[in-house]
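Chain IDs A, B and C follow the sequence of writing; residue 1 opens each chain.
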Amino acid sequence: MVTAKSEIWVFGDYRNYFQNRVTLQLISRATDLARPLNATVCTTVFGCNTDEWVGEYIAHGAQKVYLVEDESLKNYSSDRYVTLMERLARQYRPEIILVGATSFGREFAPRVAKRLGTGLTADCVGLDVDDDGLLVQTAPAFGGNLLTKIVTPHKRPQMATVRPGVFREIPHNYEATGEIVRVPLPKDLPADRIRITGYEHRPPLTQKLEDAAVVVCGGRGMGGKAKFKNLFELARLLGGEVGATRPVVYAQWADEDTLVGQADRHIRPKVLFSFGISGAIQHTAGIIDAGFIIAVNKNPNAPMMKMADVAIVADANQVCLALIKELRKRLRG
Amino acid sequence: MRLDPCMKHKLVRKAVREFAEAELGPIAHDVDRDARFPWEVVEKMRPLNFFGLQVPRRYGGADLDSISYAITIEEISRVSGAMGLCVTVHNSVGIYPILQFGTEEQKERFVTRLASGECIGAFCLTEANAGSDAAGVETHAVASGDGYIVNGTKIFVTNGGVCSLPLIFAVTDAANPSRSASVFIMERDMPGYSVGEIEDLCGMRANPVSSLFFEDCRVPRENLLGRIGDGIKIALETLDTGRIGIAAQAVGIANAAFEASVKYSKERQQFRKPISAFQSIQNLLADMAVEIDAARLLVYRVCALKDAGKSFGKEAAMAKLYASTTATTVTGRAVQIHGGYGYSKEYDVERYFRDAKVTEIYEGTSEIQRLVISRAVLSELT
Amino acid sequence: MVKMIVCMKQVPMASELPWDAKTGTLRRDLSDGMMNPACKNALEAALTIKQHCGGHITAVTMGPPMAEEILREAIAMGADRCLMLSDRAMAGADTNVTSFTLARAVEIFCADFDLILAGCHTTDSETAQVGPQLAEELGVPVVTYADELEVKGRSVRIRRVSDNFLETLEAELPCLVTVNTHAFKPRYVALSGLQDAFGETNILTVSASDLGLDPETIGIKGSPTKILDVYAPRAEKQNIVLKGAPKRIVENLFERFDTMIGGIIRKDIEREGRG
């Protein structure tokens, strides 16, 4: 069966709903893309007791929801979800499928694309429609140092995973209505090959580095282990987290889990303080998405200083101490 | 002879560089400042065969070809000259003589312990009144029962503070030093063996260079390397080998200074442009690049000759002379390019500058190298 | 004895960004490559399993001839044999076609595998897609981003943190697992291993015709996705430079940005002696 009007699908990734709004962000972007294509914005929801999510998706702009509900879909299961998505896509033939680049989405989407024999662009930071109605997907490469524009000219659907936080969700409107297409659970759905023997929600106890709005990053220019500790006090005052470069972790000034860099943690704070970091690409690839950057370095021409909104030419530790002093005064007052 | 590095040599370089940058990089500056020998890195180097680079497999070594050996030394020295020194001295003058002149029992007994890194090696020739003049050695060994009694003092022993199986050069007949010069394998736990104060040197500060004292030290006959009187022969051949490592070390130090200079010259702005845009800086960088490349090729050549079983004494001296001269000029220019920062202890080029100088002094001074080279040249051409 | 395959890719050194402006593909010929870091973690995972359970490791890569270097490195680290997929027709493949090509090679040369390990992503194209897609091609279960991995008899136990859920998963062999970059810190290459890696080694080089593949279905021609453009993004930064005494710099910084920073940290850091 081919639907008369073309459809853009957004995979309903409702786990961690309150932290991760990527599905809503994608519904919003799909709404923009649907206009030139004259398409319907749809979401797919697989699970059990999902009314809340279905309602939220419609309130945030979904015009249609494909819903598969069953007790057996209670936990996220990549095997079953992939098969369901494949079958729905074969039946309803969407033009585009968008999936949030969550851990789950990154495992799920490639498998769906492979089963449907189509292309998939990973971790997109831009989605547009060109004059021919093709989805132009902008994806980062080399830790965001390059961007690539990619299309899938012939195969359908066109598929992309999209980085959370790139698009802005539409404010909710509980007056909105949408069509709900209930699809029964197929009787011949293959059994899961992955057994889940442990499943615990791990709400991050401390604010995680990746999610922190403020990150204070330090490099070798801090001048020593004892001085590096000052960054923790500054981070505490700012309600932020401390990140470190690889040489600093090797020198054991900071723990391994503070590592920020291309092969390590990618962070995207709204404000990044960078102390005594020269800015080797291995590090800067991990901070490419930072908002406002304040860098402190004795060398005004260090690459990190060129990337900064405010480049402070001074000793990193002394500026750190001055900031701590000033913040203490202001926070007390 | 191939002049482009083969895949193996590229991979050796990458592997050693990765290790050196990760393990030595973060501490190279501090161990120099504190004159501290980094045992914790030695610990990590042991299972990776850094202490048995060219030792055959049956004694627990990596059995590397000489170019791979030189690349290894170059890459360690690029990060820490002092550790490059430790490794090259251990592998060349510390182990090579036993492999070359030792009995099978001596190899089984000593080389295995050195190759595993359990023991660090050293070669002690220099004394208060002997250095370039090997015949001036005063340390003497007197036959006694089933061995020898050794008395004497060796100075400026590289690895002196940390070695436990050093080779020493001693005479058995003071009246006839060159005929009676001999090499003994000393063991740190021998009664009468003691270590002097660690020298306060200009560079290579993380290497515990010290004096070694031997007072009525009883050395069993099994610890005599070769025969009585083989000393000069062993020393000359050993030093030829040692020079390859020092040349490689000099290339590594020079390369570090060069890389730092290129990076800095692109970052440092004067008159609204990077200083690398000025011809005066460009000329310096061009000369540095040529000299380092030439030095490295001289090192590769002597390695290829050695592996082919050909004589390499002159070529080793040429590589050592040129590479060490290059190291001092290149590091000097690197300081100049860095300006005031280059003269500051905060920047690594200052350390490279201090480390480079001694490559013109140890393992035969530049003057001795010229002597070796000129003798060969004069006898080759009639 | 666990029969393992480790998939690996040569990526350009992190310090280089070579790409061909005309075709939009990476210029692998010019750059000095290295083993993708996460692939090294995957190899480390395989070596650990081999140490504990016994095993045999086949390292597989697809790439230009110079990618042989990472296979030699894999042998130096402890891999038993290597498979090198190299053919001009394979160049420019997207993830869909890469996984297709790899799967055909696995079916022909190591069909009796128990476990395929791969890095969770590469540092060049960063798609993280080839692993899951290869599993689909071969019809085996897949778990991505593993932090811990243990083989017991014919099953594999994996722990991972996925979107704030700590998951413990089990699957029967054969299966495919991609490992996280934080797990399985790779060992250093021993120099004796490097010396051995260039002796008599087991590297099999395979072309498209060896795999019975039509050149039209692989490489850039067979790929569903097309690259339109590759470009370096321009960051728009204010680039205000502050110099002088640290105290004065900090005051200056707050004078300009206290409202902005205060808004983000949700604390009032304005005024101080002025209000």
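By our rule, a contact is a pair of C-beta atoms (placed from the backbone, for glycine too) under 8 Å apart; a residue touches a chain by one contact, two chains touch by 3 or more.
Because the structure is a prediction, the values reported are computed rather than measured.
Novice: So that we know how the chains sit together, what is the shape of their touch graph: line, ring, star, complete or other?
Specialist: complete
Novice: Which chain's mean C-alpha position is nearest the mean C-alpha position of the whole protein set?
Specialist: Smallest centre-to-centre distance to the global C-alpha mean: chain C.
Novice: Given the contact rule stated at the top, which pair of chains has the most C-beta pairs in contact?
Specialist: Ranked by contacting C-beta pairs, first place goes to A-C.
Novice: Taking each chain's centre as the mean of its C-alpha atoms, give the chain farthest from subunit C.
Specialist: Checked the centroid distances; the maximum from subunit C is B.
Novice: Whole-Å distance, subunit A centre to subunit C centre, using C-alpha means?
Specialist: Their C-alpha centroids are separated by 19 Å.
Novice: Measure off the straight-line distance from the CA centroid of subunit A to the CA centroid of subunit B, and report it in whole Å.
Specialist: Roughly 52 Å separates the two chain centres.
Novice: State, to the nearest whole Å, the distance from the C-alpha centre of subunit B to the C-alpha centre of subunit C.
Specialist: So the centroids are 39 Å from each other.
Novice: Multi-chain contacts only, two chains or more: what residues does subunit A have there?
Specialist: Answer for subunit A, listing residues that touch two or more other chains: 300.
Novice: For the complex, which residues does subunit A have touching subunit B?
Specialist: On the subunit A side, the touching residues are 220, 247-248, 250-251, 299-303.
Novice: Along subunit B, where are the residues that touch subunit A in the complex?
Specialist: 22-23, 25-27, 267-269, 274
Novice: Under the definition above, what is the set of subunit A residues touching subunit C in their complex?
Specialist: Within the complex, subunit A contacts subunit C at residues 15-16, 19-20, 76, 78-79, 102-104, 106-107, 109-111, 113-115, 117-123, 136, 139-155, 193-204, 213-214, 238-240, 256, 262-264, 270-271, 280-282, 285, 292-294, 300, 306-315, 318-319, 321-323, 325-327, 329-331, 333.
Novice: Could you pull out which subunit C residues touch subunit A in their complex?
Specialist: Touch residues, subunit C against subunit A: 14-15, 17, 19, 24, 37-38, 94-96, 99, 123-133, 135-137, 141-145, 157, 159-172, 175, 181-182, 223-233, 235, 237-244, 246-247, 249-251, 253-254, 257-258, 260-261, 264-273.
Novice: Give every residue of subunit C touching subunit B within the complex, in rising order.
Specialist: Per the stated touch rule, the residues are 34, 68-69, 72-73, 76, 188-192, 194-195, 197-198.
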